[in-house]
Amino acid sequence: MNKLKTYIFEKIRDDNDGSLISKIFDSLLVALIIVNIVTVIADTFNVPAPVGEFFYLIEVVSVVIFSIEYILRVWTSDLIRPKLAPWKARLRYVFSFMALIDLIAILPFYIPFLIPVDLRVLRALRIIRLLRIFKISRYTTALSTIGAVFVLKRAQLMSSVFVVALLMIISSVIMYNVENSAQPDTFSNAFSAMWWAVATLTTVGYGDIYPITVAGKIISAIIALLGIGLVAVPTGIISAGFIEQMDENKQHDEKCFCPYCGHNLEN
Amino acid sequence: MNKLKTYIFEKIRDDNDGSLISKIFDSLLVALIIVNIVTVIADTFNVPAPVGEFFYLIEVVSVVIFSIEYILRVWTSDLIRPKLAPWKARLRYVFSFMALIDLIAILPFYIPFLIPVDLRVLRALRIIRLLRIFKISRYTTALSTIGAVFVLKRAQLMSSVFVVALLMIISSVIMYNVENSAQPDTFSNAFSAMWWAVATLTTVGYGDIYPITVAGKIISAIIALLGIGLVAVPTGIISAGFIEQMDENKQHDEKCFCPYCGHNLEN
Amino acid sequence: MNKLKTYIFEKIRDDNDGSLISKIFDSLLVALIIVNIVTVIADTFNVPAPVGEFFYLIEVVSVVIFSIEYILRVWTSDLIRPKLAPWKARLRYVFSFMALIDLIAILPFYIPFLIPVDLRVLRALRIIRLLRIFKISRYTTALSTIGAVFVLKRAQLMSSVFVVALLMIISSVIMYNVENSAQPDTFSNAFSAMWWAVATLTTVGYGDIYPITVAGKIISAIIALLGIGLVAVPTGIISAGFIEQMDENKQHDEKCFCPYCGHNLEN
Amino acid sequence: MNKLKTYIFEKIRDDNDGSLISKIFDSLLVALIIVNIVTVIADTFNVPAPVGEFFYLIEVVSVVIFSIEYILRVWTSDLIRPKLAPWKARLRYVFSFMALIDLIAILPFYIPFLIPVDLRVLRALRIIRLLRIFKISRYTTALSTIGAVFVLKRAQLMSSVFVVALLMIISSVIMYNVENSAQPDTFSNAFSAMWWAVATLTTVGYGDIYPITVAGKIISAIIALLGIGLVAVPTGIISAGFIEQMDENKQHDEKCFCPYCGHNLEN
């Protein structure tokens, strides 16, 4: 039994051990996740009944496989922390980020069988299936490399978010007061004005809401120009982050000794 | 008396002394500022009379608290510069940036009691309450970290603002002359054309004003492409600023010795 | 014969040998490519019949010249890899990227003579002529300098494309569910919602599709603000790439000696 | 006479010699340039006749002053290159960039007195007055600091312009072929499609032209996402430029000697 457990643990873990079984297992799960995402998207089209039934079949098969995967992961999770009591190790694993994603991504399927839910809740539950997309991050380092830069610069990025929030609140309240009398329906309250502020500061500019008074246009121009600064700040922060990361990688690669006399050139 | 003053001074100052009272005082003020911002925003909705009265109550309580805070700050401000005469130290404090914000943020409340004002002035006075949002910067370093980069690079950023202004003036006058005959209502004067120039250079593009003639489209295309450069310049400047800041922080961490005599080169 | 072959090989190759013939050959080909691009663009206008016939004449002449060029390049290509058997060397050349471009750019002209094609296919075949624009990259280093940075940072750029794809899928499915009941015609399925997600995340914002519900606007605001981060990440990566490239070029210029023994550390 | 010439030369030159006269002269010219720009902008509004006459008066006074300034600059320009014959030195100055701007900015005023011109030409001549704005660059270093980075990176920036041109041509021809049958009036030829390509690649997105077919939307999405890369490349280049400039300035400032033993730490 213990041998089987260790075997499953090794095959199922994220770090590919290079064996064929482990590779097949990973590929199948990635394929299943992609199929799931495709059906979630396809579900938004008016699909004929037989296709809908086929989608439901896929859903049932997926949930069964993901459930087995989840149970196996929890069962073998005591091997991650061998020094802890098995139930403690498992409890820790269950409350880890990826395990929670795994659970929440399958749970909505079971809910309608346990408690009666109305259609709107059912619809919301189906969206939760989208969380399965994050399961794919187990098999790629894409999110982690970019995520590292965001973590490194989180304090500065938070600061820029705070500045954006300040700018948005101030500009939307001013804009509401300036434009409300000219366009009472469009700039009906600070929320509308905030919607305008988002569209302007991010330079999306859908064109559903914009100032028509001279004062409003002048204020809007100033805010739009500040919007450029808004893009510049996080870009600058993230650039600095990528450059810092690059410098660190380079320092690790470089030889720090003079090849002629053997002196350490570092300090 | 003096002991009480020193006590208040220590609790009220921005640099948290770690005591529970100081923490509670700070948290309460931040909460009050947030409540104030929320009511300013909520005020723009058609609130029923009782809610409006409740908002007025909040306003009265806020002004009372902020007024007491202001008086205490001014009273204890002679302790900041102990070498100056108290009235000189206080005068200096009163004209400091943050103290002026504090004063202007509460003053509008008192004005209608002192002199009769009409409704439009009253409305403008209410917007000034928004300045209270800057009081929050006492309790966060967010603005200062980003602000430092802007100060460091202010000369170059000013240059890019100057270039933008040049580009906007030139392109708007040209565009007015090109498009005015085809769209006399939209491109009615250089101000309209400048509004177009802002929307184009910042890439907001609301869609309320755009060229329809072939010459206008060609000029617009050139200006829109220059608009990319417009974003690139401040972004480049700010990136360089963040990287410079990062390098400086790093240099302070590194141990640096002269490779010839072994002396520490830091101090 | 062999002498003639070597002579043509030297004149026709991309690396200009400085002779007048080679320069004339290069200039003529660049001019011909530009003429071709101009006719492809001019073809989209309603040109009168005689002009259309003139364009066809240009096309025939171009294809003849490009065909001769292609044949000469293939014929002389065995001189690139003199150690291989001539047919092997030629086969390798034929399947090289630039040779494939050369072939595909002329092939569509011959197809209608070989097999009967309907009008729609004919139209598509004419677009393929656009590939001739890439022939121009033989005579410029523009694409290669920028391309080098993209190759250097391909892993990180791929990661950011993956993150964008994730964000687009998630936001479009959520947005479809939020807006579909309010705007069944505009947000008719996940594809429409994805079109909205592209317009928002890239900050293009045509204005043909945007949320009108409160929930939709809040979600849209969050996604638009994330869109700024979206621009910031590749910009940061590419900035780091250009700086890395710059540093490498600089290191080659600098003289670098070991401060302990004076040895040159470069080689 | 020669003494007067040297005196004027010293006062009129761009490098302020610190004397009061030179300062007044500079301030007056900057003020006059600003007044000129304001009248050019104000001219686009429907100004009543008396104001128009006043503007004409300003124009006459400005041209007289700028003409005198031009003559004085040319007259004293032989002092810049004392080794050359006076007429050679003056000829060189006349064909320098700033002198040409000075001349072209006043010339249009005299043309209607010399040869009869119709109204349209007159209008175009009035726009040329805008060139006077560049005279202001004599009194600011704003343009030169940013210009230096563009000159430093001109090769790479040219490359990115070339790539943009390629992308625009290819995407507009493809888009014309895809959308023309669905929207024959909007995507009427490759020029319209190129206008769309500019609006999309620069992310301006006015909303006057956008794809409606599924194929068009998919292609548009790909091009819009490439548009992000389009912003990223010049931003990355310019960032690298500003950082390079910063590094160079820093190296000049740093002391390159060990303060304890006097060893040069540079190489």
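Letters A, B, C and D mark the chains in the order given here, with residues in each chain numbered from 1 onward.
As a convention for this text, contacts are C-beta pairs under 8 Å (C-beta built on N, C-alpha and C of every residue); 3 or more make two chains touch, one makes a residue touch a chain.
Just so it is clear, the structure is predicted and the values come from calculations on it, not from any experiment.
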item: Pair joined by more contacting C-beta pairs (A-D or C-D); value: C-D
item: Remotest chain, chain A as reference, centres from CA atoms; value: D
item: Type of chain B:chain D copy interface by residue overlap (half), same or different; value: different
item: For chain C paired with chain D, centre-to-centre distance based on mean C-alpha positions, whole Å; value: 31
item: CA centroid of chain A to CA centroid of chain D, Å; value: 43
item: Multi-chain contact residues (two or more partners), chain D; value: 191, 199, 203-207, 231, 235, 237, 239-240, 243, 265
item: Chain A - residues contacting chain D, complex; value: 203, 205-207, 235, 239
item: Complex contacts: residues of chain D adjacent to chain C; value: 155-156, 158-160, 162-163, 166, 169-170, 172-174, 176-177, 180, 189-191, 193, 199-200, 203-207, 210, 214, 217, 220-221, 224-225, 227-229, 231-233, 235-237, 239-240, 243-244, 265, 267
item: Complex interface listing, chain A residues touching chain C; value: 37, 40-42, 44-46, 123-124, 127, 130, 133, 140-143, 145-146, 149, 164, 191, 194-195, 198-199, 202-208, 230-231, 234-235, 237-243, 245-246, 258-261, 263, 265
